[in-house]
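Below is one structure, written out as structure tokens; the observations come after it.
So that you can tell them apart, the chains are marked A, B, C and D in the order they are listed, and the count of residues begins at 1 in each.
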Amino acid sequence: MTLDPGLYNYWIVILLMMTGLYTVISRGNLVKKVIGLNVFQVSVIMFYVSMGKVEGGMAPILVEEAEAVYSNPLPSVLMLTAIVVGVATTAVALALAVRIHEAYGTLEEDEILEKEYGAAGPGAADGPVDDHEPG
Amino acid sequence: MTYFTVATLAILVSMAMLLVRAFKGETVYDRILAVNSFGTKTVLLIALMCFMTGRPDFIDLALVYALMNFISTIAVLRFTRYHDMLDDDDLRARRLSAPIAPAIEEELT
Amino acid sequence: MLALIDVVLLAFLAVTAVAIVRLRDLFAAVMVTGIFSLLSAGLFTVMDAVDVAFTEASVGAGISTILMLATLAVTQDVEKKRWRRRFSPLALGVVVVTGAALVYGTSDMPRYGDPDAPIHHYLAPHFLEHTPDEINEHIPNVVTAVLASYRGYDTFGETTVIFTAAVMVLMLLGGAATIDRRRPGGGRMGANVVLRASAKPLVPLILLFALYVQFHGDFGPGGGFQAGVIFAAGLVLYALVYGPDRAQAIFTGRRLEALVALGVLIYGGAGVAGIVLGGEFLDYDLLAADPQDGQHRGIFLVELGVGITVAAVMTTLFLLFTGRGQPAPWEDRVGESEGTP
Amino acid sequence: MSVWLEALSWLSMLAGSLVLLVTGLGVLTLPEYYSRLHATSITDTLGAALVLFGLAVQAGWSLATAKLVMVMLFLMITGPAASHALVKTAALHDLSLPPRRRQEDGDAGAD
């Protein structure tokens, strides 16, 4: 395996992706998880856009010159819509977080589980205890 | 060495220093300040890049940045809350301490 | 020089991402996310994806940050220490192993900017060469042509997803709040005369700029998605400075909901028109006597539909998030204190 | 382009770069919030104006120049307004006064 410096972009993309993944799996706060997902999303977008770049090319908006080199327009199209869809889905996640906070008074995974199942955590009781006060 | 290079290097160095401030913070306002100034630097960097790549008609992009930077700064300031319920002493100490200065209080009411 | 910018900005981006994970003050984390967006948008410009940069700048740095801040304002904004240890070796292990595998995988990839990479030899040359004769010779922006015409069906799907997301958020947050609390964003800066004076001339300019981006999308970077977000940003600025109630004087909840649906209907209508005229769904060639004019008309309609939906959805989302809660006590004074220093 | 215009562009960009560096340095090294704000608010507007002016001279009379002027105008309106909002909000939200002032009261600064 050779480590070509021309792959620098992809390494950073992987670093970002793993940072996002780590945030999602290791942090208990729901908003922090959404932020982690956003980091992950940006890394995927960065990956696509990096692949679309052509050396010495320019943005895929045609100019008069005959022998102009353009970068690939396809990743741009895919990622452009992905960003807007991403913010719409982020909004759904945040709306859920707001409602969860209204119901449980917290955004911490641990505390929500405790309120739902008691201090012993899920699995200890037979089912959810219904004694939590909303808010 | 063109002026594009000089200006770009200056902007990148300045950005690095602002990043350090945004991470160190001290108060939340320092971060907002750093983010706002960072946005201005990005606007300039984009404008420079448009000229470097020979497509100066993409300046629209710089305009959008300037716009969004302003709006998000205003939003950040509007959503800053007075933190009286922080359960974390360490964070509270970093955010604020002294009572409202009397002069400002007067102006407020 | 561009390579240097690329390397430095990517390094900044990596540092920023790590900082985001480490910050326990969520408010600060969201602000650093703003920097993250600005940086990535700058990188998209370096990588020639100007349309993506346009979108990321308006969505990531603008609307997304604002929505997160609004969420934090109605919930909590400090991440608590976990009962279990904060540092989780298992998570780190998973991440390191996955990352190593992915880095190993990149060794087979073509290097960055390689013109011979497989991705550049499949559909892209066709789009670049044939946009002038297949779509319209007056649409130099290939991204717009691919987005609205070649891949119009896909974009229709994306627009529907945005519509669905708006409906879901409406279902989640549309009712009254179940607990009593202050409305976020009603901070005391609302009555500030400097902000009002500077925002007042800017709002119409922003709306005008959004229209420019909408209708200039065929020629330069821009289009319905970007224009919609910028239009919404103008309304958001107005709502931030003058209060959501005044912003809703014209764009009431019901009208916005109607607009959300109207955009999708315009898009779908442009598609169905193709069927009615004897072609296929989203076949713009038949919309006018000359196929090139038909394509232009179709792209115009589709972008208009996307713009209306996106603008209405983003504004609705903002109003839903900030409308959660009671007005702050000082908000009643906003109207009267106007004009006082 | 004449030599004079070229020189003007150079000079303006160099001055702008210098000012931008000062911004970064000020934000990084000054002791507390209000002085850091003072460092950025002025230099940001001035530096941006100088760099954009340099670019505008490069572009000559074209649509790009008109857009650059728009960006410049925009930054000149929003920059000071944002700075004003920054200082006002910090003051309204009880950000502690500068350390020197507190030291006069016999209280050591937090930083």
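Rule of thumb we're sticking to: contacts are C-beta pairs under 8 Å (C-beta built on N, C-alpha and C of every residue); 3 or more make two chains touch, one makes a residue touch a chain.
Only a predicted model underlies this, so the values are computations on that prediction, with no experimental measurement involved.
Asker: Chains touching chain B and chain C alike, please list them.
Answerer: Looking at chain C and chain B together, the chains touching each of them are A, D.
Asker: Could you see whether A-C or A-B has the larger number of C-beta contact pairs?
Answerer: Between A-C and A-B, the larger count of C-beta pairs in contact belongs to A-C.
Asker: Can you name the chain whose C-alpha mean lies closest to the mean of all the C-alpha atoms?
Answerer: Minimum centroid-to-centroid distance belongs to C.
Asker: Can you work out the whole-Å distance between the CA centroids of chain A and chain C?
Answerer: Comparing mean C-alpha positions, chain C is 15 Å from chain A.
Asker: Between chain A and chain D, what distance separates the C-alpha centroids? Give it in angstrom.
Answerer: Chain centroid spacing, chain A to chain D, equals 33 Å.
Asker: Averaging over Cα atoms per chain, report the distance between chain A and chain B in Å.
Answerer: Inter-chain centre distance comes to 23 Å.
Asker: Could you put a whole-Å number on the gap between the CA centroids of chain C and chain D?
Answerer: Taking the mean C-alpha position of each chain, the two centres sit 28 Å apart.
Asker: List, in ascending order, every residue of chain B touching at least 2 other chains.
Answerer: 15-16, 32, 34, 50, 53, 57-58, 60, 63, 67, 69-70, 74, 77, 80, 108
Asker: Residues of chain C touching 2+ other chains?
Answerer: 48, 50, 72, 80, 187-189, 195, 199, 202, 220-221
Asker: Which chain D residues reach two or more other chains?
Answerer: 74, 78, 81, 85, 89, 92
Asker: What is the complete set of touching chain pairs?
Answerer: Those chain pairs satisfying the definition are A-B, A-C, B-C, B-D, C-D.
Asker: Please name which positions on chain B make contact with chain D in the complex.
Answerer: Where chain B meets chain D, its residues are 3, 6-7, 9-11, 13-18, 20-21, 26-27, 29-30, 32-34, 36-37, 40-41, 43-44, 47-48, 50-51, 56-57, 59-60, 62-63, 66-67, 69-70, 73-74, 77, 80, 82, 93, 96-101, 104, 108.
Asker: Using the touch definition from the top, list the residues of chain A that touch chain B in their complex.
Answerer: My answer: residues 58-59, 61.
Asker: Please output the residues of chain A touching chain C within their complex, sorted ascending.
Answerer: By the definition above, chain A touches chain C via 1-4, 6-12, 14-23, 25-29, 31-32, 34-36, 38-39, 42, 45-46, 49-55, 57-63, 69-77, 79-92, 94-99, 101-103, 106-108, 110-111, 134-135.
Asker: Any idea which chain D residues touch chain B in the complex?
Answerer: Against chain B, the touching part of chain D is residues 9-10, 13-14, 16-18, 20-21, 23-25, 27-28, 32-33, 36-37, 40, 44, 47-48, 51-52, 54-55, 58-59, 62-64, 67-68, 70-71, 74-75, 78-79, 81-82, 85-86, 89-97, 102, 110-111.
Asker: Under the definition above, what is the set of chain D residues touching chain C in their complex?
Answerer: Spelled out, the residues of chain D in touch with chain C are 74, 77-78, 80-81, 84-85, 88-89, 92.
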